[in-house]
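Note that chain A is present in both complexes that follow, paired respectively with chain B and with chain C.
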Partner chain A sequence: MAKVKINGKDFEVPTGQNLVDAAENLGIDIPHYCYHPGLSIAGQCRMCYVEQPGNSKLQIACNMKCSDGLEVITDSPKVKDAVKWSLEFHLINHPIDCPICDQAGECGLQDYYMEVGKYSSEMREHKQIKQKAVDLGEKIVLDKERCILCGRCVRFTQEVSKTSELGIYNRGDRSVIGTVNDEVMKDNYQVNTVDICPVGALTSKDFRFEQRVWFLKEVSSVCNGCSAGCNIDTHHKSGKHIYRLKPRYNPEVNEYWMCDDGRPTYKTANYDHRLTAAKLGGVELPTNEAVTTWMNDLRTLIATERTDEIAAWIHPDLTSEEITSIVKTLRDEFGISQFYSEDADKSARDDKTVDQLLKRADLWCNTQGFLKVTSALKLKLGSLNQLEERLAQAKINHLVIFGSEKNVGVQSLKRIRAALPADCFTVLISPRLQNAELFSHSLAIPSISHYEKNGTIMNWKKIEQKLGSDFRMFKSAWSVEEILTSLSQEYQRPQKEVSRA
Partner chain B sequence: MSALAELEKRSYWIGIVKGLLITGRHFILNLTGIRKRPTIEYPEKRRKYSNRFMGIHVLTLKPTGEIACTACMLCATNCPADCIHIVAAESPNPNIEKYPAVYEIDLMRCVFCGFCEEACPVDAVRMGRDYEYAELSERNFVIGIDYLAHRPQLKKKNVSVFHEPEKTFKSTVRAD
Partner chain C sequence: MIKHTQHYKNIRPMYVDLTPQPGEKRLLMEHVQVPNIHTLPVYESKGGYQALKKVLESKMDRETLIKEVQGSAVRGRGGAGFPTGNKWNFVPKNTDKPHYLLCNADESEPGTFKDRVILEHLPHMMIEGMIIGSYAIQAARSYVYIRGEYTYATEIVDRAIQEAYKAGYLGKNILGSGFDHEMVVHRGAGAYICGEETGLISSLEGKKGWPKLKPPFPAVEGYLRCPTVVNNVETLACVPWIINHGAEAYAKIGTPKSTGTKMWSVSGDVTRPGVYEVENGIPFKDFLEKVCGGMKGGRKLKALIPGGSSAPIMTAEEAMSCTLDYESIASKGSMLGSGGMVVLDDSRDLVQVLKNLAEFYREESCGQCTPCREGTGWLEKILHSFTERQARREDLQLLKTTSQNMIGRTICVLADSIAMPVLSYLEKFPGEFENYLQGSSNTSSMSGRVKHNG
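After this line comes the complex of A and B, so read on.
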């Protein structure tokens, strides 16, 4: 630890920590654009000026490491004046088109203008006219006028994604961000440049014009795209629609980044892809009635001790709590012995990094947790082939399918559908509409999507991570635990005597 | 007790005559126009409202006839009744970046406070002067761009001040 003095107060901070980060942790805001803790230091924006007693020149805080005896002042009139003029230099050619800019509301220029700027412009020259809405990459759009040339995106492609696709071209006020020969960026981490862009120069095509950021609320969650388990924030509007995912800092898992394949995973949670009401043979019914219908069929099989004719299909996208609840209810309470699942052993074995960065080959998000829970509960799991065989032999009269919301699970479901005999009572518990359409004759009960779940998933490094959602998008969609609790309550409820006649 | 009151108590016709006298007085006063009436003959005659009257909203246009709104959603943000629904999209015109593909105001929810007009940075939404709006279904009270910007009552006079350069930007030009 190093003893430093900021604004006349003594603090203890880790030795070698960057001064901007250290001050931020202590609640002292030092304005900065080009500095990003995940990237190298450029010193381009000249916004993070601090004053050192005894040094007549101002210094930039992003290039200072905390060490014993460091003394800086961040709020003297001299510093404030310098920052104000730095900001004016940034805004000389900035179009200030905040009303149509997607960054408005989370823009560094807006924030610092209100904090340290508030001048009327001294410029008499016309602003530089540059290209707007340039198709920079497959997933990003560049507005060259709005760019303040902090170079964060350039350093990102050089240091993190290591594709070095971006660069700053031309000189002076004609400088622009661009690619060689205006090629389209193909980097699979390009949307991270949108996240780190302090202004609205880079915008994501997926989120462009979709929603203003001040309407959105953030909930911390974990991406379900693959077994990497990148920490993310889900941005949703009043719990009705998810608009985007953004990476959340976790030094053990994903640092500040996430891949572009994980970003659109929220789409299956939105209305278009969701099963929003329980359906029996295509006819909608309330969820609690659907559970009763399910129980009625299950009860006759349990009462006549034909539980070996019941099977359940599960997959490694369920949280550990969901798997526990499935096993405890279906196996321990109802005595169902046949469980089939995707081959989690194989996907754990074949799991490897795809691009040396974050993305993994295993597309299930909780494979490790699935293996851990099933082995702890001593659950015997059959494979898809075995299930198909049993279905072909017509030995299964009641099949419970926990359907995944992801595309990767659809292939198995199609195979099950093909092997399914017509007289088998099928219950599908899934958030995905497409699954319900596949099993259109069956009883479909809507469950909640990954980004609405509360629970634990384990990534490939065996780090347990919590999903902490606080919103539900549809009242009729219940969590798997709620469906099973309701089922078990239905089972225990005393039945009316069947008419004795 | 006076004799008249005693008589009234006994017979009803005095009361009837008194009542008819009141009716007759109002009838004659109103008919001859001696007294100024508070009501007007509505569909034929209309009341004159203040210039600051806030009626059904108007979306202004650019001189080219395109809608002036940039879909910044500040009106929707500022709306206390939450009655403005905007869907932003990329404009088909390459010179314009963002425009409202859908701009709807739910008149049943709107409280006509004029906060949208105040919030608008480009004078795209104004409070109009129309107040007559009758429909059979609640759904028809959600009015879109067609009605807001192109209704016949406006007579195409709804051009945004923001797009008349001589009117704006004066304050930003420095006097040397």
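After this line comes the complex of A and C, so read on.
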């Protein structure tokens, strides 16, 4: 720890910590644009001025490491004036097109303008004209006029994704961000540059003009795109629609970043892709009635001691709690013994980094948790081939399918569908509409999507991470635990004898 | 050998009359007029490479060598005037990393062309100085970073280096001392900012010529993150004389704090513009009258830019009462800088001069730091509004505040290089601006120019 003095007060901070970060942790805001804790120090935005006693020249905080005896002042009139003018320099050629800018509401210029800005600009000259709405490929649009040339995006592609696709071209007030020969970006981490862009220069094609950020709420979750388990924030509006995912800092997992393949994983949670109501043979019915219908069939088989004709299909995208709940209810309570699943052992065995960065080969998000829970519960699991075999032998009369919401699970579901005998009672529990369409003749019960879940998943490093959602998109979609609890209650309810239809 | 000039036609040395003028004291330029002094045999016949022999054959202790240069109190001739010996002394003594010496021959400051004379006529003097300097800081490799437009000079320097290799002054085991040294010529691509110490390093590393944050300083972490010394051409050319004649002899010339001689490149309204070497401390008045032949056409001196375009301007009275050394010029609020003297007579319009300078600095700002990137453009636009007679009275204050907020706020001093002149012109020649305000058609704050609130 180092003893430092900021604004006359003594603090103890970790030795070697960057002064901007140290001050932020102490609740002292030092304005900055070019500094980002995940990137190298550029020192070019000239916003983070601090005064040091005995030094008439203002220093920049981002190039200072905390050490014993460091003494700085961040709020002297001299500092404030310098910061005010630095911001003015940022703004004189900025188009100030906030009403039509997608960054409005989360813009560094807007924020600091309110805090430290020079409210009346003296700029009366013609502004620099630069290109607007430059297409950088499939994912990003660049506005060169809004750009404040902090260089974060350039350093990101140089230092983190290591594609060096972005650079600053030309010089002086004609400087612009760009790619070599105006080629499109191929970087699979490029959307991170949108996140770290402090202004509206880089905007994501997926998100731009979709929603004003002040209507969005954030809730922390974990990406389900692969076994990396990148920490993210889900940005949703009133719990009705998810608009984007943004990486959340976790030094042990993903630092500040996530890959572009994980970004669109929220889409399957939105209305268009969702099974919004329970269906029996294509006819909608309330979810509780669907559970009753399911129980009715199940009860007959249990009552006639034909539980060996019941099978369940599970997969490693389910949370550890969901798997536990499935096993506890179906096996321990109802006595179902046949469980089949995707080959989690193989997924874990073949898991490796895809790009030396974050993305992993294993596309299931909870393979490690799945293996841990199933082995703790001593669950005997069959493979997809074995399930197909049993189905072909017509030895299964009742099949419960927990369908993945991701594309990666569809292939297996198609194979199951192909092997399914016409008279087998099938229950599909899934958030995904496409799955329900595949099993259109069956009983389909809507469950909640990954980004609505509360639960635990374990990444490839065996780090357990919580999904902490606090919203539900549809009342009809229940969590797996809720469905099973309801099923269990239904089972315990005294019933009239119902013969199997 | 690379033929740098093969694509250029009619390439020839800079036209400059190098005849010694009364009042000059030539240490470096003593033999500049000797035919073929740029070749090794002629240079050797005039005592060339004796200093290198003195150092290497006696295997002079590096500490002693640095002490000798410190003792001469020679200061960097590139503009900042930092004591050269001290700069060499900052290089860490015990590192595993290789050390580098870079010769800054990227002479691009408007009004400065004295290094060009050394490069074109006395390349061996610079090379000798570089080898001695490299020996002092234990650099196994040095680079001459030469301005891209100096095609003829590049050819001369390159040829001189080849000669030095052949003669055994470069390469392995130089003069049997066990000291190995390589020297490489690197051509710039036409950016003023690459003459800035760390901008030069970035450029040499193959990156965009952006100056680097300090700390770390180049002496600790410079070229390829190794200890590096960057010296000006003239500074390095001083070294052989200091070794040959001793630090004391050098320190006796000039003033106590500005020792030795200085080469001045004089342009503007004088009878004999050119490159001259004079003892530090001679009065400007004498320099103007005796060396430069007085004002052209007998006109009156109006103003003087003493040390390259980035030096604040001096009034005629200030100029006439100052002597040519670091301290005297600094006491008049300007700086000796690179010695690029621009003499302006009473026919000159200083607002036009300043606008011209602002255009240059706007063009050459690297665009890294916001105050410089945006400020240089802003200053140029405001000055443009003056020359277009569109300026308002408030613009005087705006020029001042903008400049004040650029000084000392950036990584390198390019912002200061225009902001300081702007402040000095405003302070010393307010009447010039007043002329434009009197004739200005812009009486309201809005007309003619776009107003942006923000």
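Please note the rule applied: the second predicted complex is superposed on the first by the 493 of 501 C-alpha atoms of A that agree within 3 Å, B and C clash if a C-alpha of one lies under 4 Å from a C-alpha of the other, contacts with A are read in each partner's own complex, and residues count from 1 in each chain.
One rule holds for everything that comes next: contacts are C-beta pairs under 8 Å (C-beta built on N, C-alpha and C of every residue); 3 or more make two chains touch, one makes a residue touch a chain.
Worth saying up front: this structure is predicted, and the values here are computed from it rather than measured.
Peer 1: Quick one: is A:G468 in contact with chain B, with chain C, with both, or with neither? Answer first, second, both or neither.
Peer 2: neither
Peer 1: With both complexes overlaid on chain A, does A:C45 touch chain B (first), chain C (second), both or neither?
Peer 2: Touch status of A:C45: second partner only.
Peer 1: Scan A:K57 for contacts with chain B and chain C and give back first, second, both or neither.
Peer 2: Second partner only, chain C.
Peer 1: Between chain B (first) and chain C (second), which, if any, makes contact with A:R212: first, second, both or neither?
Peer 2: First partner only.
Peer 1: According to the stated criteria, A:R124 is in contact with first (chain B), second (chain C), both, or neither; which is it?
Peer 2: A:R124: touches chain B and chain C.
Peer 1: Which one hits more chain A residues, chain B or chain C?
Peer 2: C
Peer 1: Once the shared chain is lined up, is A:G172 touching chain B (first), chain C (second), both, or neither of them?
Peer 2: Touch partner of A:G172: chain C, not chain B.
Peer 1: Taking the superposition as given, does A:I96 touch the first partner, chain B, the second, chain C, both, or neither?
Peer 2: Second partner only.
Peer 1: Regarding the shared-chain residue A:A133, is it in contact with chain B (first), chain C (second), both, or neither?
Peer 2: A:A133 sits against chain B, while chain C stays out of touch.
Peer 1: Taking the stated contact definition, name every residue in chain A that is touched by chain B in one complex and by chain C in the other, in rising order.
Peer 2: 124
Peer 1: Could you list, by residue number, the parts of chain A that touch chain C in their complex?
Peer 2: Residue list for chain A touching chain C: 41-47, 49, 57-58, 63, 81-82, 85-86, 88-94, 96, 120-128, 148-149, 167-168, 170-175.
Peer 1: Along chain A, where are the residues that touch chain B in the complex?
Peer 2: It comes out as residues 97-100, 104, 124, 132-133, 208-210, 212, 214-215.
Peer 1: Within the complex, which stretch of chain B touches chain A?
Peer 2: Of all residues in chain B, those touching chain A are 70-74, 77, 88-90, 97-98, 121-122, 174.
Peer 1: Could you list, by residue number, the parts of chain C that touch chain A in their complex?
Peer 2: That would be residues 191, 193, 208, 213, 215, 362-371, 373-378, 381-382, 385, 394, 398, 401, 405, 408-411, 445, 449-454 of chain C.
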